[in-house]
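Below is one structure; the comments refer to it alone.
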Amino acid sequence: MTAQTAGTITGAPLAPIEYADASPEVRAVYDDIMASRKTDWINNFWKYLAHDPQNLRRIWSDIKAVMGPGALDPLTKELIYVAVSITNGCRYCIASHGASAQAKGMDAAQYGELLAIVGLANQTNRLAVALDVPVDVRFSRT
Amino acid sequence: MTAQTAGTITGAPLAPIEYADASPEVRAVYDDIMASRKTDWINNFWKYLAHDPQNLRRIWSDIKAVMGPGALDPLTKELIYVAVSITNGCRYCIASHGASAQAKGMDAAQYGELLAIVGLANQTNRLAVALDVPVDVRFSRT
Amino acid sequence: MTAQTAGTITGAPLAPIEYADASPEVRAVYDDIMASRKTDWINNFWKYLAHDPQNLRRIWSDIKAVMGPGALDPLTKELIYVAVSITNGCRYCIASHGASAQAKGMDAAQYGELLAIVGLANQTNRLAVALDVPVDVRFSRT
Amino acid sequence: MTAQTAGTITGAPLAPIEYADASPEVRAVYDDIMASRKTDWINNFWKYLAHDPQNLRRIWSDIKAVMGPGALDPLTKELIYVAVSITNGCRYCIASHGASAQAKGMDAAQYGELLAIVGLANQTNRLAVALDVPVDVRFSRT
Amino acid sequence: MTAQTAGTITGAPLAPIEYADASPEVRAVYDDIMASRKTDWINNFWKYLAHDPQNLRRIWSDIKAVMGPGALDPLTKELIYVAVSITNGCRYCIASHGASAQAKGMDAAQYGELLAIVGLANQTNRLAVALDVPVDVRFSRT
Amino acid sequence: MTAQTAGTITGAPLAPIEYADASPEVRAVYDDIMASRKTDWINNFWKYLAHDPQNLRRIWSDIKAVMGPGALDPLTKELIYVAVSITNGCRYCIASHGASAQAKGMDAAQYGELLAIVGLANQTNRLAVALDVPVDVRFSRT
């Protein structure tokens, strides 16, 4: 039984889909990930997502479109991704995007500042909601 | 009855504390906000928070310490703040920090990319949790 | 057409179920709410929930069981309820439970402290998750 | 010392309340769970909740009332439960309700689609909030 | 100045992009939405998202791929979408997907049950986390 | 290589900063924590946060200011902190603040009631949002 058909779901698939066990469809996505990222390995997120090849293909396509160079530089994009992942408490995402941010140049001082901002924003977000602060006219759309 | 004593709380204070009605303690914070931000007005968040002068003082002190220049540039800090505020659904914060980001140079293309990343991160955060993806060894701390 | 059958749902019912329009089943719950709370009115939450009388009955039963006097005093219970409602950003709940807390004795100073704690907890919660802090052995269950 | 009195709380009870150690009150709930679900075992959620028999009784009563057959079929109900649990990041709930959904007929293709929807909804929810999209008139209640 | 260049961002665009003001790129997406949904109008979500045509195109592509017929029927998909939107507190999404679910056959009784499940799941999710319930072996992946 | 410079970040620092390895700046905070709490040990949260001494100093300052005696008694403050931590799913915080609440007098019955309230509030928060309940006039600020 290959990993691909072992998807008896009790909330989560049994095992990651390794390249060696992957269908051509899945391998095509793995190849594209490695080519785009200039790496020779596939992380666990993709290997678990691969149990549904359509999801794998669609999500990779989104990541590729959104996280590449653009009006925001790649490091800034990763910092935003880490900030959201911390806010949502996704342990895997914090680890993988934290590693990605580091690979793109984030140092310890920057990480400490990111933590500070994420913590502070999570704090003031609740205060503004609790106080039901009305949006200032100059911030409104007209 | 001044605004400061009208804090009959049914979940939220009655009115913002305007500069003209503020105690010396509150005015001191307002002055510091305007001096630091080189502005001549106080936004609603501070004017509602001011019903508890200790909270006002502490939160402003945090913001000043965290959002100033550092290892991350001010615009990047605002982008992170906006990203967290969107994730938490704080309408006031999205408006005020969005305005702040714009004042610090964020243009429409950058905002569109930030939206894309925040949406995508909120998506993959849930997928990683649902699939209970184990953290790759190379991402782990040793 | 009575309010009870006007439940054409586009995400939310059309109108609150007023006492005068309520079925005997719904009125029985309204009567119990007013008797338990020693009031002569029904707030909007119940009047909108009443479109599904089973939900109304079950939720009121839960509230009555959980929020009455117990090992925690009623004011402390409301403070906890407000804290959760702020964290979740439920504007209606913040208003109604804030009013409830005030009716049970919460003053402005207590509200300011509650705000401070909720904001701070929302901050440190994210920091602990971001830093993947391991639970100290002395906090673990054995 | 029985498990029931070993509830020294450092955030979580020490141990699950096993049937053999349960009080008559708790056993009555366990019996009802097994009878309703046609099973011969009690899962960990109930065995930890049982440290507070009132909570155990009330929550089981709610689950029984809400998750039984109705206008929505049992599998659809579980799918909704899994979707919420993923959104909230409750690892235990994802596992137990995922197993439940599988027992009620959910196959791998359905799970892949549920994942896709949950991810996508978490994405568009943030976009709608960030863009402060006004509710279309035709969606409003009148 | 057309709506498309009026993207001065203070947290949100100024106005929805109406079909009449849309670029050919945006109109192509609008046309596809109307064709797929067999409608003659575009809702506000798309008209605000359209300020960034790349986001519009990508998100519509995702929705089309994910929400069409599949292993889950369209109504079940909408119910899941509504459940997530309620959990996240997205008012716009609750309204629009609630309307969508209604159009696909959801009646008042089903909506009442969905509400009950979403409320209950949000409750037990927190209980399971608070009690740090370990995943039962039979729910684990092996 | 001391723990303080080993902050190669892949999402989380490598190790806690033990007192013996701490800089004078960090030790000063540790000393203050132990003096204020009348303890002889530092918990993991502070030891991981210490990788960024400015964050450590600021967060400890906030906790000291907010969690000390005031209009709310220390146990009530911890209960609020636990309630928020459960709502946010922060496992570390639930454990540490649960222990703290216990040390300040919380018994098993009180914990059971807190759990009940947190679960119930998380439930009704979603119901109120789903039903888009308008805030009663008597709860509004005027």
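Chains here go by letter, A, B, C, D, E and F, matching the order in which they are written, and residues are numbered from 1 within each.
Everything below uses one rule, namely that a contact is a pair of C-beta atoms (placed from the backbone, for glycine too) under 8 Å apart; a residue touches a chain by one contact, two chains touch by 3 or more.
Computed from a predicted structure; not experimentally measured.
Undergrad: For the interfaces C-D and B-D, which has the higher count of C-beta pairs in contact?
TA: If we tally the C-beta pairs in contact for C-D and B-D, the bigger total goes to B-D.
Undergrad: Looking at C-alpha means, what's the farthest chain from chain C?
TA: Farthest by centroid: A.
Undergrad: Going by the average position of its CA atoms, which chain sits the greatest distance from chain F?
TA: For chain F, the chain whose C-alpha mean is farthest off is E.
Undergrad: Distance between chain D and chain F based on Cα centroids, please, to the nearest Å.
TA: For chain D versus chain F, the centre distance works out to 26 Å.
Undergrad: Using the average of all C-alpha atoms in each chain as its centre, how far is it in Å between chain C and chain F?
TA: So the centre of chain C lies 23 Å away from the centre of chain F.
Undergrad: Would you mind pulling out the distance in Å between where the CA atoms of chain A average out and where those of chain C do?
TA: 34
Undergrad: What's the distance between the Cα centroids of chain A and chain E, rounded to whole Å?
TA: 20
Undergrad: Could you tell me which residues belong to chain E and also touch two or more other chains?
TA: As it turns out, chain E has residues touching two or more other chains at 10-13, 54-55, 58-59, 62, 65-66, 87-91, 94-99, 107, 109, 112, 115-116, 118-120, 122-127, 129-132, 138-141.
Undergrad: So with touch defined the way it is at the top, what topology do the chains form here? Options are line, ring, star, complete, other.
TA: complete
Undergrad: How about chain A: which of its residues touch chain E in the complex?
TA: These residues of chain A touch chain E: 10-15, 54, 58, 62, 65-66, 138-142.
Undergrad: Considering only the defined contacts, which chain D positions touch chain F in the complex?
TA: For chain D paired with chain F, touching residues are 7-12, 51-52, 54-55, 58-59, 88-90, 141.
Undergrad: Residue numbers of chain D touching chain A in their complex, please.
TA: On the chain D side, the touching residues are 82, 89, 94-99, 101-102, 106-109, 111-112, 115-116, 119, 132.
Undergrad: Could you please specify the touching residues of chain E with respect to chain D in the complex?
TA: Those residues of chain E that touch chain D are 11-13, 43-45, 48-49, 55, 59, 62-63, 65-67, 70-72, 76-77, 79-81, 83-85, 87-88, 90-93, 95-99, 107, 109-110, 112-114, 116-118, 120-136, 138-140.
Undergrad: Residue numbers of chain D touching chain B in their complex, please.
TA: Result: residues 86-87, 89, 91, 94-95, 115, 118-120, 122-127, 129-132 of chain D touch chain B.
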